[in-house]
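Sending over a structure as structure tokens; questions will come in a sec.
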Amino acid sequence: MSVATQTPDQVKPPLAERLRLRLDFLPTVAAVVIFVGMIIYGEAAYGRVVQMNTISNLFINNSHLIILAVGLTFVILTGGIDLSVGAVIAFTSVSGVMLINAGWNAWLVVAVMIATGGLFGLFSGVLIQYFNVQPFIATLSMMFLARGLASMLSTVPERLPEDSSILVLATQIKLIDGPKVNDLVITPGVIIAILVVAVGWFILHRTRTGRTVYAIGGSEPSAALMGLPVHATKMWVYVISGLLAGLAAVVYTTRLGIAQNITGVGWELDAIAATVIGGTLLTGGVGFVLGSVVGALVLGLMNVLITRDGGVPPEATTIITGGILLIFVLLQRAVLAKQRD
Amino acid sequence: MMESLPLVEMQDISISFPGVKALDGVNFRLLPGEVHTLMGENGAGKSTLIKALTGVYKIDEGRILINGQDLHLAGTADAQAAGISTVYQEVNLCTNLSIGENVMLGHEVKSALGINWKASHEKAREALGKLGLGHLNPKAPLKSLSLAMQQLVAISRSMVTNAKVLILDEPTSSLDAVEVEQLFTVIRRLRDEGVAILFVSHFLDQVYAISDRLTVLRNGAFVGEYLTRDLDRTALIAKMIGKDIAALQNLDSGREERADNHGEVVYSAKQISRKGAIEPVDLELRRGEIVGFAGLLGSGRTELARLVYGADKAETGGVTVDGVKAEIKAPASGLKHRIAFSSENRRDEGIIRDLTVRENIILGVQAKRGWHRPLPRKEVDELVAKYIAELNVRPADPDKPIRNLSGGNQQKVLLGRWLATSPEILILDEPTRGIDIGAKAEIQERVLELAAEGVSVVFISSELEEVVRLSDRIVVLKDHRKIAELVNGPEVTAESIVNIIAQDGVEDAKEAAEGVASQPEEVLQ
Amino acid sequence: MSGTGNGGVIANLFRRQYVWGIVAIVILLIVNSVKDPRYLALSFNPNNGALVGNVIDILRAAAPIMMIAIGMCLVIATSGIDLSVGSVMVVAGAVSMQFLSTAPNTPGAAFTALALALGVSLLLGLFNGFMVSVVGLQPFISTLVMMMAGRGIAKVITGGQNTAATNDTFRWIANGYVFGLPVVFLIAIAIVILLGLLVRRSALGLMIEAIGMDPMAARMAGVNRRGLLLSVYTISALMAGIAGIFATASVMTVDISRTGDQLEMDAILAVVIGGTSLAGGKFNITGATIGALLIATLDKTVVFLGVSSSATPAFKAIVIVALCLLQSERVRSAFKRRRSTPVAPTKKEEVAAA
Amino acid sequence: GGGDTPGASESAGGDSGELTTVGFVAVGPEGAWRKANEQNIQDTFTKEAGFDLKYAPAAKLDQKSQIDAFTSFVDEEVDIILLSATEGSGWEDSLKRAQEAEIPVVLIDRGIEPDNTDLYVTRIAPDNIEVSTSVANWAISTFPDGGNYFVLEGPAGVSVVNERNEGWNEVISANDKFTSLGSQTANWSTEEAKSVFETVLKSNNNDVQLVFAQNDEMGLGAVQAVEEAGLTPGVDVKIATIDGTKAALESLAAGNLSFVAEYNPLFGETALDVVNKTLAGEEVDSYIIVPSETFDSPEAAEAALPNRQF
């Protein structure tokens, strides 16, 4: 029987492949296209966009956002949400820097910071999974908690020691040294971000845990009935998101050399926006890590362009940011409308 | 067959839900290499027993033994680990994933670099092939399949793992003869390979065709275990419902003899169509007439029905209701024109799980009246009481969340919802799916009464006999086209319809259809 | 207050769930009384015929939160979310203040200001509703956009200033007293009851729940999803508008960067504490109201106990977590009787597709 | 103003291509003071004056967005950058890059920590510590035998708040006649300040003599709370605020506020002058303190009100 059906299959794939492509990748593809469009527009309108330093800074300044976005992609794919990441960054960085100043080994502290992030994630996970608190609320309270603890630790900027060994994470590696600051630069932070993306992609698309994440997003009861480890996986996504928040804290803190209790206010929304722009559905089950990366870059580029324009009246900036975000999702929606009925 | 020791043994299993004792000291055993059918009316406890055996529900009392060892199930995963593979009554797949991903979920082929998709899809294709779905592309999205197809995909999941125990809860409820035969060949092969198979179905023919042994439940209680050959149909029915009833006779008797009291045309569609769903068709429905849609799976019956109701918007053609031009572009407008449509997809397009039986019943009427004209409390209670009694929904508790009803009873509640809207045109897509024989007879009776009362009924069922028995006119569809329209008569039988479908050549399809439409008799010479 | 609760068929679980909110309120009040025995004492102020006391302050502080909470409650019941309430508040405030700052100090002017503010809020609500129901954007995003844009709009309206104005009638709304009780609270309660009756005495409640639980099935049952979503988001925005009026009237100043800031979170919290699931479906307006009261009590307690600014968020977090645990204990004990199939929302893709 | 600058004389004849581009990393509208300050800068660096001012307000007062803007200006190679930071610390790397790109940076209002003067041309600002100290000194002179005071702060952790606390605490805590009833954040907001202070009054049975509100908005909120409680602001409770906006001075004139310390936002002219000097390669001192007055009486307020621009 299966032999008999080989022949039609040989014909099908290209068509079916395209079909599949349309269904899943479209929003992400749209994101990429629009991103490129923005770059071209920026270059045409303001110039000095397609140049080494602008591009490398786009990555350097948003590496932590990219890391956060990857974490949120996991959570959102399961249909959950994590509002705590911004505050977790504040707490982990403040506590981390204080530990270093207290004489701890810097690299040990890095580990501690990441672990602390994971701990907050674990907290949310437990609340959600074992006390069926709703994700929004569980992570919201974690947000308050982390922010509060951070402020209780210190309300003044905590400085990393000038000679701290972890500052290497922010060292600017000039790949091409252009005139003045027009260099092609990369920092370990960016490399970390790229690694995170790669690993994230691997877990989601090449491991059963990843498949379970998608299945839960599609239909949690079905996933459970299929015997997939729903409980464990749902815990994991929050832990992952927490760990990555901790990592983002490391990257950001080493870049600035200071930690502050008011860092990261509203970053959770940026990260969520990034994932959504990248084509992830907040209802879960659909989306890609790479999309989220593009989303993060789009947001970053958007700020750059607004700055380059410089003529935007102060009152209007939020309107414009909102407007662009809207246009963006509308474009995506239009593309999607073609394949939904 | 001689008694080899049982692979699965369930002793004195009891499970009670708030209000219901779903299972009360039930015994059940499953021998290797046998097909063991679980029989019982709607709500007898079949699915619950299965869910107990697969770790979905915790058992209150009793024990489960596998290969003689006590087995404690904390979840479905444990059951799978114990070699039990299950296809539940409601299709449980993830529509956001591809067919292949669904088939392989949890069993993907691993390699050094994580999942090997090529191999996984290959394996998925094999599994599908075993059920004659080899033509499906594993990479295509599951969404693109009809409910029936999805059910087959769900079954093929269990082909991936070589399970020792295979459980199929009403797998055939939405399949037609061809698929059923295909499924049975697979089941037989597995059985001969020594797999123990637990089968549930309300179709007696199928039960007798496939099963070696029967266990009968009634209201959650264990009635008895029998060898199929020792128990003839009437005896079996008697055991299931506790008494013999005559209603079941007309299950086998041919088409109902009824006076042709066809009134004037209430609905007429000219060349309505929708891309990918159904090609342009004309359709006329008369008052007091039952029109059956016949066709194989994926022939487009549901699609056509959806267009009539407005669930999907017709892209071409025009519609008149009661002779007046009508714009039916959404279910709401369908309802306004007194059209009601009971979907084949009970779980996704029918019940609202978390609403009570009462709310589920009145939802249709209420939607028709609009939110600002709420039904008075009194009327609500009357309506609800009326339909719970008429369709004898069990348990007869209007304040139970509908998700807690058995599959069949949910179906009855939905029927109630649509009858409550006092429709002029009633479209029933697989209304008897998952309904036990007793209830099925009742529903068929009800359909005939409705027609007699002047309602124009569209009846869709994968069970051709049913269609032939009830319909005055039969619209035959194939590949999303209408290929024939027969005025029902003594000479029209399930076989003759199958022949029409088989003979329908691609080129002369259209004239055939027209010819048939004009003088239906000729088709059969 | 329970009048609204009885309005609908609400499963006991939910009726009991907000009981924990009440418990929490009581505990907080007790804590405060421990710090100062005269905490609950009420005195009468003959000058303005007002009852004076911490409890009265709580009621006044609760009014705006109550408004956005009940609006949010309906939105959440449709399995949506409205992040824009805070921004709609500031827009409403900006409109009224900007108008009053130039208008004469007359009742007439006050009512015009009200009309203007509510009118604008209504428009913003319609926009949200349109984006969600007709265009089919995800509620989170469309309202997130409105959340960003709204504050900008407010800034444009006032030209970046924190406009202040004087109008006794308008001021009276938030600071006046009737029968010794704050007008603002009485208005709020009246609106809660009205809305409660509207949704529970009509079939609105049932239909909102239906589309929240299962949009696909609801559509097939003939429920007009678009219309409902449109009206629900509009109602939410209207409520936010009223809240904005309350907030600005109390000080007769709109603070473009602070008015309504972060309040969407409070609203959502209130709704959830009240026993409405963010997954949509069964909703409970009484619960949301109680949730709002709890949040107001919490905010006031923090100040009364003199919890330091930096410790405040942590304090709140602990209270919330404790509350969630209390509530879920119930859920779990209910579960113990029968552990059944996971009851998570089953049809996400439809929600998304819609 | 500024007609005498080289920039202007060039642009008078030349096309816009010769305008000097100024990148202004700003804070964005958050209240009367900020509005006045940034408006003033924008009004000074006009095309007529020979400048193309690029205005980049922060998103949600988030330092990250400011750093992004700063970086972008550097990449764009503007001629000079005005930096009005939300936060003092964390700017070293950005400033170093600007230096490498040979772009001079002038700090507006907020200084940087650690204060490494090689990284920027100069800082033009009133002195928060000085201003808050003046409030404290006024308090001591008005309450010779002390009293109970309460502080309404901005959000915990923001530099301004820390500085204004520092100046105040140094003086007050040195004086043992004053007892602190604590401090609470009202997030710069009138509404919150009112709500907070009404509760503070209750929890202390109205036994509060002095309120130090770290900005005018909060001070005005406190006034209303006092009135609601049936007390007389200025008599029962004296309220001192910082900023000196028109609204505050009016309230002071009406006797509701008792002391307003100006935190002068109008130093566009000075900035213009500094910028021109810098571009012309002249030296400027590393810290130019903008003089700020204080108003301690209705009369003083009356006098100042007519020509108050903010």
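Letters A, B, C and D name the chains as they come in the text, with residue numbers starting at 1 for each one.
One rule holds in what follows: a contact is a pair of C-beta atoms (placed from the backbone, for glycine too) under 8 Å apart; a residue touches a chain by one contact, two chains touch by 3 or more.
Fair warning: this is a prediction, and the values are worked out from it, not measured in the lab.
Peer 1: Averaging each chain's C-alpha atoms to get its centre, pick out the one most distant from chain D.
Peer 2: If we average the C-alpha coordinates per chain, B ends up farthest from chain D.
Peer 1: Determine which two chains are connected by the greatest number of contacting C-beta pairs.
Peer 2: After counting contacts between each pair of chains, the winner is A-C.
Peer 1: Using mean CA coordinates as chain centres, what's the gap between chain A and chain C in Å?
Peer 2: For chain A versus chain C, the centre distance works out to 30 Å.
Peer 1: Can you compute the centre-to-centre distance for chain B and chain C, using the mean CA position of each chain? Integer Å is fine.
Peer 2: 45
Peer 1: Centroid of chain A to centroid of chain D, CA atoms only: how many Å?
Peer 2: So the centroids are 35 Å from each other.
Peer 1: Which chain B residues reach two or more other chains?
Peer 2: Where chain B meets two or more other chains at a single residue, that happens at 56, 95-96, 143.
Peer 1: Quick check on chain C: which residues sit in contact with 2+ other chains?
Peer 2: 155, 160, 309-310, 312, 341, 343, 346-349
Peer 1: Any chance you could list the residues of chain D touching two or more other chains?
Peer 2: 29, 155-157
Peer 1: Judged by the touch rule stated earlier, which pairs of chains are there in contact?
Peer 2: So, checking each combination of chains, I get A-B, A-C, A-D, B-C, C-D as the touching pairs.
Peer 1: Given the complex with chain C, which residues does chain B contribute to the contact?
Peer 2: The touching residues are 16-18, 51, 56-58, 95-96, 143, 311, 330-332, 334-335, 341, 343, 347-356, 359, 362-364, 366-375, 417.
Peer 1: Which stretch or stretches of chain A touch chain C in the complex?
Peer 2: Per the stated touch rule, the residues are 79, 127, 131-138, 140-145, 147-149, 151-152, 155, 217-222, 224-225, 230, 261, 269, 272-273, 276, 281-286, 314-323, 325-326, 329-330, 333, 337, 340.
Peer 1: Provide the residue numbers of chain C that touch chain D in the complex, in ascending order.
Peer 2: My answer: residues 35-36, 45, 47, 52-54, 57, 61, 155, 160-162, 164, 175, 247-248, 250-251, 253, 255-259, 261, 299-300, 303-304, 306, 308-310, 312.
Peer 1: Which residues of chain C touch chain B in the complex?
Peer 2: 9, 201-204, 206-207, 209-210, 213-214, 216-224, 228, 281-282, 337-341, 343, 346-350
Peer 1: If you look only at chain A, which of its residues touch chain B in the complex?
Peer 2: 1-2, 4-6, 8-9, 12-13, 16-17, 19-20, 23, 202, 205-208, 211-212, 214-215, 217-219, 221-229, 285-286, 341
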